[in-house]
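There's a structure below that I have some questions on.
Letters are used for the chains, namely A, B, C and D, taken in the order the chains are written, and counting of residues starts over at 1 for each.
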Amino acid sequence: MLASALNLAYLAGALAFVVGIRRLSSPDTARKGNLLAAIGMGIAIVATLVYPFGPIPNNYAWIIGGMAVGSGVGWLAANKVQMTAMPQMVSIFNGLGGACAVLLALIEFRQLDVAGTSAGLGALLVLGLTLLIGAVAFTGSILAYLKLDGKVWDSQVTLPKHSILNIILLILSVGGLVYLCTLDPPSFGLVLGYMALCLVYGFSFVAPIGGADMPVVISLLNSFTGLSAATAGLIYNNQIMLVGGILVGASGTILTVLMCQAMNRSLFNVIIGGFGGGASAKASDGDQVAKTVSTSDAAIQLFYAQSVMFVPGYGLAVAQAQKVCKEVDDLLQANGVDVKYAIHPVAGRMPGHMNVLLAEADVPYPQLLDLDEANSALPNTDAVVIVGANDVVNPAALDDPGSPVYGMPVLNVWDAKNIIVLKRSMRPGYAGIQNQLFFHPKTSMLFGDAKDSLQELAGEIKNL
Amino acid sequence: MLASALNLAYLAGALAFVVGIRRLSSPDTARKGNLLAAIGMGIAIVATLVYPFGPIPNNYAWIIGGMAVGSGVGWLAANKVQMTAMPQMVSIFNGLGGACAVLLALIEFRQLDVAGTSAGLGALLVLGLTLLIGAVAFTGSILAYLKLDGKVWDSQVTLPKHSILNIILLILSVGGLVYLCTLDPPSFGLVLGYMALCLVYGFSFVAPIGGADMPVVISLLNSFTGLSAATAGLIYNNQIMLVGGILVGASGTILTVLMCQAMNRSLFNVIIGGFGGGASAKASDGDQVAKTVSTSDAAIQLFYAQSVMFVPGYGLAVAQAQKVCKEVDDLLQANGVDVKYAIHPVAGRMPGHMNVLLAEADVPYPQLLDLDEANSALPNTDAVVIVGANDVVNPAALDDPGSPVYGMPVLNVWDAKNIIVLKRSMRPGYAGIQNQLFFHPKTSMLFGDAKDSLQELAGEIKNL
Amino acid sequence: MEQFFQFVDNNLILLYLLAFTVMLGFELISKVPTVLHTPLMSGANAISGVVIIGAILLLRRADAEDYFTLVLGTLGIILGMINVVGGFAVTGRMLDMFKKRKTKS
Amino acid sequence: MEQFFQFVDNNLILLYLLAFTVMLGFELISKVPTVLHTPLMSGANAISGVVIIGAILLLRRADAEDYFTLVLGTLGIILGMINVVGGFAVTGRMLDMFKKRKTKS
């Protein structure tokens, strides 16, 4: 009877995952969804601690100890991380989940080897798959973390013809899996070799992918971790692992595809890596000269505008300029200027990146306009200040079918009366392409680090 | 091996149901969705004809014969029915599905009785439930058909205190089910009695529900048929019956709730029946006199308007006035008048009712405006012609919190310059409440059957 | 009660399947526009005709002399088949309206 | 091959469950707005920590003298728990932004 109750508790946990994910996908209910999924996990863990009963060693000291350490570390890490470093954190967490699956498979393989009993094709296949997928998720996520955090550069880890290397490694890993399955049981040494191969493959899989594509890669690796949890569920014949893992696997895959769509690229294109290859069609397109503006002129322009719209981009994050930006905003508002922020859905390097930064600087929500709102407000805007954005305001997206960003919806900043661009140089952004906007008659450039430029602007405005 | 292939075919059929329903819920893909679900059903039926193999009698002559007859009748009925009588047809079809489940359970019960073997509590419960739910779906749907078709009036089948009778019948049916389960096996005579009780309950369940609520009831009974198919699936341990049935049960329930929401009512309120009870708050609210207009004046008004909007309602269906309406439309357009139709989502007596009627009269789609489009076009409309609509243009929905339609979005026809209302009398519509619109200064009434009125209008316009 | 618990323990995956199917049914429908309510109801109704699978299974196993079962079972097949074929056909006709919609708009 | 078919026949309901769970996963996500991509990814990542259930099961059954299993298993539990707790906590922090959004708009 207690067994049934626990089985039903498992089921309730699985349903909590489903409803939790469902709620996480709508802004009004997302917080509750996260809580619900966490409760589901709690139920499942508690149920597992007591069930199945039977006269087994239990080893509660080890288990509880491990849980306590893990919880403590996880909690601290999650709460001490900077808002802007969250994607890195998620990547590490994901890698650790994959590592857990690897350890499980490894231990099971060793027990088979020690006992010397044959396990059957199905069991070997499931164990080998868990190891393979978990390992790729593990080393892949760690490399993704290193790249995101700027600790490793693409060129440091990418070899020429890297995609051929990756295909070879994939064939080797799958071949290794098949070979393991023919030995029943395989020796532990062989398993260790196979594991090393899988770990290398995970690393190499992520190596050629551009650092800025890491959010997409993390989502993909996340679905891998889900799959490895599901295959591990097959080992233990445990439904909640199975169902939870598959759910994450399926929704992670869709999420990855959606992210690619939001950038107007294909998943394949992302994985192959090297964005911007054939993109220089218009880059060398002339000796056009961009107009510049002095800080004081820019300050006057903003001060006497009726309405100003900031367009933040990746450069805002690099310069950590959100607080200064808010300062300029406050100064302008104190003088009766109507200030808004235009948030492009893929500005920055992760969805919601700009929202996070501006929330950190306490910009109130009603000042943030989404793409459509901003585009309808722009024709009535006096001055646009582009703070380290580039691709998301590139007119080539509308009129140059050869451009890699063609088709992506952009902010039509050229509808406004004046445009001031804050960036350090004429260098391109993420997509690696020129931006004709910088040569637009309405545009003036204010070169320099965004934080410095804004600070100077603030100083000038105060003196007006 | 063939067995596995067939098992996988079943699975493919089940997935076809899922994807089919998914596609049915979006206009662009609905036709493909229907086809896909039909293909899934075809796969499942063919697989069942050959699997399981074993040395069994098969009785293919009976089976194929029955399938041929059923297909022929179903095909003819579906294709010969008038577009406007489709809800009735769906209701009958649904009832037959329920009857099929009843027959299955009945035969299984008899075989138990003949063999005299005990079947176990689980099997009896499943059989009894299949019989109960199937029977309610059967007789309920038949009564819904009769009501929709106007063959039976609410008052003919509703007794005073009918809801108490229904509660008693429900208790008796469930009690009968429990009693049956204690006898293992129950005698066939007893089963017949139980069946009779269930059939009566189904009839009585639908009896008090207002004829106009039948679309909601059909959707509810449809989810019952789904449930009975699912329980029957438990009898035969057949996954596609189970999964298909549950899918229909769940989606039918949600659909029922959505339909109720579109009318701003609760499911409970619908089931209890007797809509419009406490609704006369404003009905007797004065000796206001509605202004009338002559056919020739109305014709002149329309003829010289720049833009005219028809607002069809249930009265258009009653009068079968769609063709004449289109005639007036053509005459006006020939004179350069811009003619549109405003389609309220719950105008008529089933969702899409007006679309069906106007499609029958070949009104091209771009002339049809949905609620939001119509409400934004209305302020620039010269004349609105309300053809047998009432509740969907009732201003009480906006300003009278005591009204039963309060909160329902309506067509704001009073934003237009002039309103002409075609109806037979001052009688209320479906919700049974007065409509202040008829006393609005912009409104003039043109009393009479909608078809006659429109015919006279057409004649007058030709003579202008 | 004991039987219930035994059922739970023996049919755990079945219970997951049931729960997930219910969820899926809810998810699939939850965003359907009003005009599609009637065709969707009709399509779902046709799907509920899967009960005919049961009638076929029953009849295939029935004793070739057991006329009670044969006759009632065949009746069941006829009724079920009307539900299936008629249901999909009526749904198709309803949806033809939308085809017209598409091509002209 | 034979083993594959045997697996199919013996685990039919499991296969249905898998297929339906995949469908459900797709359905659940297919309409999520862009700003929620990152929190959703993070929440899903926390859920993928269910793999810890396996580590607990493994450790509970492990021989109390088998230090290889005990140590590596405990490591697994630590890593899994970091994923779970950290994942939900980070997601919660990300979503706090949206709370702010709500109250002010």
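Here, a contact is a pair of C-beta atoms (placed from the backbone, for glycine too) under 8 Å apart; a residue touches a chain by one contact, two chains touch by 3 or more.
All values reported here derive from a predicted model rather than from experimental measurement.
Student: Would you mind telling me which chain pair, B-C or A-C, is linked by more contacting C-beta pairs?
Tutor: B-C
Student: Among the chains here, which has the CA centroid at the largest distance from subunit B's centroid?
Tutor: The most distant chain relative to subunit B turns out to be A.
Student: Let me have the rounded angstrom distance from the C-alpha centre of subunit A over to the C-alpha centre of subunit B, please.
Tutor: Distance between chain centres: 46 Å.
Student: On a C-alpha centroid basis, what's the spacing between subunit B and subunit C, in Å?
Tutor: From the centre of subunit B to the centre of subunit C is 17 Å.
Student: Taking the mean of the C-alpha atoms as each chain's centre, how many Å separate subunit B from subunit D?
Tutor: That gives a centre separation of 42 Å.
Student: Check each residue of subunit A and list the ones that touch at least two other chains.
Tutor: Within subunit A, residues 18, 22, 239, 243 contact more than one other chain.
Student: In subunit C, which residues are in touch with two or more of the other chains?
Tutor: Residues 13, 16-17, 20-21, 23-24, 27-28, 31 of subunit C each touch two or more of the other chains.
Student: Touching residues of subunit B toward subunit C in the complex: what are they?
Tutor: So the residues of subunit B touching subunit C come out as 17-18, 20-22, 24-28, 30-31, 33-35, 37-38, 41, 44-45, 48-49, 56-60, 62-63, 65-67, 69-71, 73-75, 77-79, 81, 83, 86-87, 89-90, 93-94, 96-97, 99-101, 103-104, 106-108, 110-111, 121-122, 134, 215, 218-219, 222-223, 225-226, 228-229, 232-233, 235-236, 238-255, 258-259, 262, 345-346, 350-352, 355-356, 359, 364-366.
Student: Applying the document's contact rule, which stretches of subunit C touch subunit B when the two form their complex?
Tutor: Per the touch definition, subunit C meets subunit B at residues 3, 7, 17-18, 21-26, 28-64, 68-70, 72-102, 104-105.
Student: Where on subunit C is subunit D touching in the complex?
Tutor: Per the stated touch rule, the residues are 13-14, 16-17, 20-21, 23-24, 27-28, 31.
Student: Provide the residue numbers of subunit A that touch subunit C in the complex, in ascending order.
Tutor: Subunit A residues touching subunit C: 1, 3-4, 7-8, 11, 14-15, 18-19, 22, 239, 243.
Student: Any idea which subunit D residues touch subunit B in the complex?
Tutor: Per the stated touch rule, the residues are 1-2, 4-5, 8-9, 12-13, 15-16, 19-20, 23, 27.
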